[in-house]
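What follows is a set of structures for review.
Two complexes, one shared chain (chain A), two partners (chain B, chain C).
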Partner chain A sequence: MSQAKPYRGRSVVVAFVLVLGFGAVLSRLIDLQILQAAKLGEKAEQQHHKAAVVEGRRGGIYDRQGRILAMNMEVPSVYGVPTSVEHPGRVARDLTRVLPVRADEIERKLRQKRNFVWIARKLDPERGRRVESLSLRGIGTVIEGRRFYPKRPLLSHVLGFTGLDGHGLEGIERRYESTLRGHSRRVILQRDALGRTVFPKGLSELGPHSGNDISLTIDEVIQYVAEKELLDAVNTSGAKGGVVIVMEPTSGEVLAMAVNPRFDPNAVRSLSADSWRNRAVTDAYEPGSTLKIVIAAAALEEKLMTPSSMVFAENGRMLVANTVIHDHEKSGWLTFADVIRRSSNIGAVKIATRLGEERVHRYLRAFGFGERTEIDLPGETAGLVKSPEAWGERTLASIAIGQGIGVTAVQLATAVSAVANGGWLMKPYLVSAIRDQQGRLIAQVSPQVRRRPITAETARVLSKILESVVREGTGRRAAVPSYRVAGKTGTAQKYDLEANAYSSTRFVASFVGYVPARDPRLTIVVVIDEPQGEAWGGVVAAPVFRRVAEQVLPYLGISTHAPVELALVTTG
Partner chain B sequence: MSGRAIDEGTLSLPWPTSRSRKRANADGLLLGVTLLLAFMGLVMVFSASAVMAGNRFHDSLFFLKRQMAWLALGFLVLHIVSRLDYTVWRKLALPILAVTAVLLILVLIPSLGLMIKGARRWLPLGPISVQPAEIVKLATVFYLAAFLAKGQDRVREFTSGLIPPLIVVGLLGGLILLQPDLGTVALIGLVAFGLLFLGGARISHLAGLVLVVVPLAAAFVLRSSYRRQRLMTFLDPWEDPSAAGFQVTQSFLAFGNGGLFGVGLGEGKQKLFFLPEAHTDFVLALVGEELGLIGTATIMALFGVLVFKGFQIAGRAREPFGRYLAMGITLLIACQVLFNAGVATGLLPTKGLTLPFVSYGGSSVVMSLLGVGILLNISRDRQGGRQKAGSGRGHGGVGLL
Partner chain C sequence: MRTGIALAVMSLVLLFVWERVDVVRVGYHIERLKSEKAALERERDELRVKLSGLTAPDRIARVAMGQLGMVRPRQGQVILVKVPAQTPDPTGPASMVLGLAKFASTKRSH
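Presenting the complex of A and B:
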């Protein structure tokens, strides 16, 4: 009776009101999405150009003691808002007095139909202040990060550098780009009370968006010593360049990696790409006699030889496949140890021949030659080790004396470290830890064994022979007073591509060794490229080893005495 | 007054119905529309929030995972409630009202309520936080439906019929205003007005109510600077490129940029940093940009079907409580959709109401699905279906009910 009627009528009224509401929304949607679509779409498009990409702070690079090697400087960049600039010509003339940019170029930028243009980026702070003091309408400055290497050329080949956009282009900067790089953010340019376009406030407080810091295994002091001694040796011998690597043999940590010629990563653009190359990992060379360490290790491991086994050295002259092989010192019968000590080519060839192609190749590969060490640097080469099927009749003999094979300095340092540490081939590495901006540890790198090419016994026996190389053989100039040093010299003729023969004037002189011999703490590889005059590894490279070791050993507090073997004391 | 009279009254609906009334299964179309809206919402929430969540939480699925969990909970609630005799809500109306009032007081206590963006709207409960205002909406509808169903003609009386609901709604509204949450107050006020109108209140009473409430509301809005700002922004958003106008103009740009067909799912640029709350209050603008008018019209059409089904279910309900309950829930959803869409398209000033089923937000999703669950249960009890115990009761009384 009473209720039904009003409900029926009134529900029609409510339904009608709702239909009106839905109708209003739908017509408004049609208005916005059809009728006004072109205008609004254009506005949206314009607005998207109003966003600028801002990079978060890039992480720093530190040495193993926390000393800064690469950092960010906060520097001003100058931008323009063409829509707010009233007289582009006049503004451009004012700016060109302060900025290193030509007036017509500034004017061209300011006449563009855009909401935002960069005029000059990453300037001296002083220039930024002067631009601000001009207080030009439509011109502003914003703080950006510029990469700065406070130690100038120190470690430049390892650190690498970044481009203008802040991306790592070489070295650690490139290899760890994603770690170091701050997250980039699009920032909407806002209008302030006067209607000027500005960056939002607090732009420099991009805390959580900063990149991570990297700690290297490098020690700045050791790096400095290595670079200085390398530079001296290169200068006095008139060489083209060289490499010194200092490595901790038990872990594979690289303590120093010096490459000459050097460059300043703060001023890269004026240099050729050739000078950036980290030759310690990107360039393979023929190692010469230093490779005899591998041949000797193989012969001992295979029990073909003992240190006192006799080898006939043919009185300094032997014919192998129509090629004459000479010894520097003519000898008759030599012990196996003497072959290494005097670096007898003929002895090494005879030992390699007894090992045979397959075993020589197997040991070369076991010691990591012909494969990348996977060190954390970009552009590493694997070197060149052909497989025995591709060897000619002279190849085995060539390899025995370190020719016909390409190795990198870092491969050699790793291989010799395996002899030093009792037979373990380690993975060399440069980055030891990654921390975020709050200093919290994100990743820590621990030493990594790649494989074990020889037993501890072989390593011990070989080590004694290598000690005698320095004590009384070709490596006497590497000797460090009151320390036992083990090592091997190398003098390789460079292959002359034009003459299609080994050059008699261009050499690579090298020395590889470790110290203290009985408890090795440092492996040092010295490679000098094309020394003039006296070119022997024992004369040019061995003294560099000595001078580096002599300064680094006391710096690291490494005692002169062999460690006392501690007897195990059992309590109870 | 008898049950029969009500039945006769609802026999003739203002629109023709073709389907047989003999069946008493839950309404499949209503459930289907709800599912479709929830699915569209899930897709849009992911599209809206992926980049932002990736930046803020380092997990681009952050909001998607949460929304999926809430939807799962919501549909479970819907399933249970659709099998629960709806008359239980009549018995629970007053207890729920009391609990809601307590929650609304608790949320205002600084040490309990969570302050987000200057408003105290969230009550943290363990790992989640609940918005009491979402519960108030349904609690008000339960109460009004029970009140109107009990004393059928009482609503025509001023003191016994109009004053009790006005006091209840006024008190709840006052508590919500303290948060402050003007949007929810306007919503329950409008729904209460609609239910009183449908329940048979005198036009003169209702007109008087409008004459009292509207000036009060105007005074309230103009007294607070931020509300005045919102109102001014609404009147001319383009002249106010500050934070308040920003949202609305960005919403316009999103709709316009989408045009008829949209820029493509996931391709919207506005959500990246221009359109704040793209996954909550302004999700319709995101639909507009990515799926175009096709997408927004589809969403509005789905809601239209849902509201139509609500009216139909109310009209076929066997007894007054079911009818008012169904109308209340339907009005709640309809008004919230209109408020939300109105704000996004600039027809109404900014309010902060979600788009039911579609927007991100746990309380909103669960309570909306609970409402649909009740509608589904009422639809089972339609005329010509099985007899229901306890239906048709209704005696005049005193007090709040």
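Presenting the complex of A and C:
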């Protein structure tokens, strides 16, 4: 018994210690789990969960053959944490060997009393890899989206470009901003003690919505041909610039839209807004004699004229409301077809006078002048067609020769396509399909008829006259060997605002036509702004039409009408 | 009986712990794969942009004419021959057979 007492005493002590210990643990547990539960839970949430905004990828832009014209790429941006950089001077010297930033500028940033500074943004991936390989303390890289236009200036006026924030600012990029833009999404990530992401919280928050891809009606090769030939013509003639549009006349699909001067959408920050304006849709010009196509169509449709109707051309000089109208070639009696073939101003004025103001105005509007074509590009102008009430004494005569009216190149292409396709005015368009990132078709654009300004018979008769313009008239230099071409030249004086009169030295030379004339597959409009020297449309613009057509026709597999004698044919 | 219940409870606890550990392990694995996927996608995009730039028509024309000494075919050297069996695609390029015709009178250009 005497030995049991100390044992019991020890047991009591042990039990007491255990109870005390467990009691302490329990009280701490109650404190942490119940009393401080809300506060600590919030703290843990902050430490383990990281909210991140993930940007959805912007959709790409492709040509009609699926070739990339614009796409987003994830590229590195380099940042610094100045508080973690021990030797800013040395780090700056190391970085300047890799980055396109001066050492003193990097050092200045790294000496700032801030937790974060950008050193260089949206770099080439190679530069990012080289920065990472330096393993500099306080320097890191993050991935950001950057828009790339791999074909550089090709189609730049149509594509447009995006800003630093990735939003479309011009062209298709702007017009289809809501289609192309990816939707950003806030994602909650779980992190472990080392800061690594363990698992996204909730499967629905896995990723952002990417933007949709856009397929254009443009063909990259045709676009290249159009831009190259336009550039050559502008350089050769010393012109200010120009426009070439290649359109499929039966559908209104734009195959090429070249605007000169060009720009590189990858580097727009140094350029002015003037250089990226798409003049094919934003600028109206006086079309000159190309507008005689509409006057002729109206006269034929109204049955006022037939190709053999006679018109007296006043031997090259006629007075209209105290203004003398000249023909560049003096003529007496001409047939209606000759008036168009020789581009007689006096003949056109007489035909327009017979039509009268109301009918001329009605046909101009029916062919789409004075209203937007609704092509899917931003900034389109309606041009300028005044209503007859606002016309002066000379307006009808001016319009008959394509002056005193403002049209865009795309309006002209659409109007002439109506003659080419048998009388249907089509809506021109650039986007043919929209697909999601999995390639599923979301929307497909079909050709759309706006109205029918002339009958098929009028179109057929006019087409024959326009063929003769190229065969034996003012448009001979547009002739493509072995193909029938129909078209019309135009040379318009530009209005000099300072002199308040038409300039005698500044012209717009143009040619508009289609080929093959009997089964038109291409409508081509060529506009050359202020060519120097011989500025006639038939001299400056018609050869561009020929050079574009003779390259594009074989590319599209459009056969000639002429029989050929073959000695040997190889295929494949 | 009690031992059985204890074992069952213990098994359930262990199963729960194993499941939690496995979720974390799979989470790490998924994150690693996602990083790999993102890196591969970046590389793919980089290559696509590079390919697109290299196949640009102006570059091909420059290389063909400047470095390889190629010339544009002269008038009459390229002739398209209609093949009735083929349905021409109104939009696609060269949907007809492209024939290279040699005329007896046409000398080859170099």
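The rule we apply is simple: the second predicted complex is superposed on the first by the 425 of 572 C-alpha atoms of A that agree within 3 Å, B and C clash if a C-alpha of one lies under 4 Å from a C-alpha of the other, contacts with A are read in each partner's own complex, and residues count from 1 in each chain.
Here is the rule we go by: a contact is a pair of C-beta atoms (placed from the backbone, for glycine too) under 8 Å apart; a residue touches a chain by one contact, two chains touch by 3 or more.
For clarity, every value in this text was computed on a predicted model and none was experimentally measured.
In the superposition on chain A, contact is made by A:220 with chain C only, not with chain B. By the touch criterion defined above, A:129 lies against neither chain B nor chain C after alignment on the C-alpha atoms of chain A.
Of the two partner chains placed around the shared chain by superposition, chain B is the only one that A:30 touches, whereas chain C remains out of contact.
Of the two partner chains, neither chain B nor chain C is touched by A:317.
In the superposed model, A:8 makes contact with chain B only, not with chain C. Residue contacts after overlaying the shared chain place A:154 against chain C, while chain B stays out of touching range.
Note for the complex: chain A touches chain B at residues 1-8, 10-15, 18, 21-22, 24-26, 28-30, 32-34, 36-41, 43-45, 47-48, 51, 183, 185-186, 188, 191.
Residue ranges on chain C touching chain A, taken from their complex, read 23-24, 26-28, 30-31, 38, 41-42, 45-46, 48-50, 52-53, 55-58, 61, 75, 78-82, 88-104.
Interface residues of chain B facing chain A in the complex, by the touch rule stated above, are 1, 5-6, 8-10, 12-14, 55, 152-153, 194, 197-200, 241, 252-260, 269-270, 272-274, 288, 292-293, 296-297, 300, 303-304, 307, 311, 314-315, 320, 323, 327, 331, 334, 338, 341-342, 345-347. The touching residues of chain A, when paired with chain C in their complex, are 64-65, 67-68, 71-74, 125, 143, 148, 150-152, 154, 190, 192, 196-199, 219-221, 224-225, 228, 248, 253, 481, 521, 554-560, 564-571.
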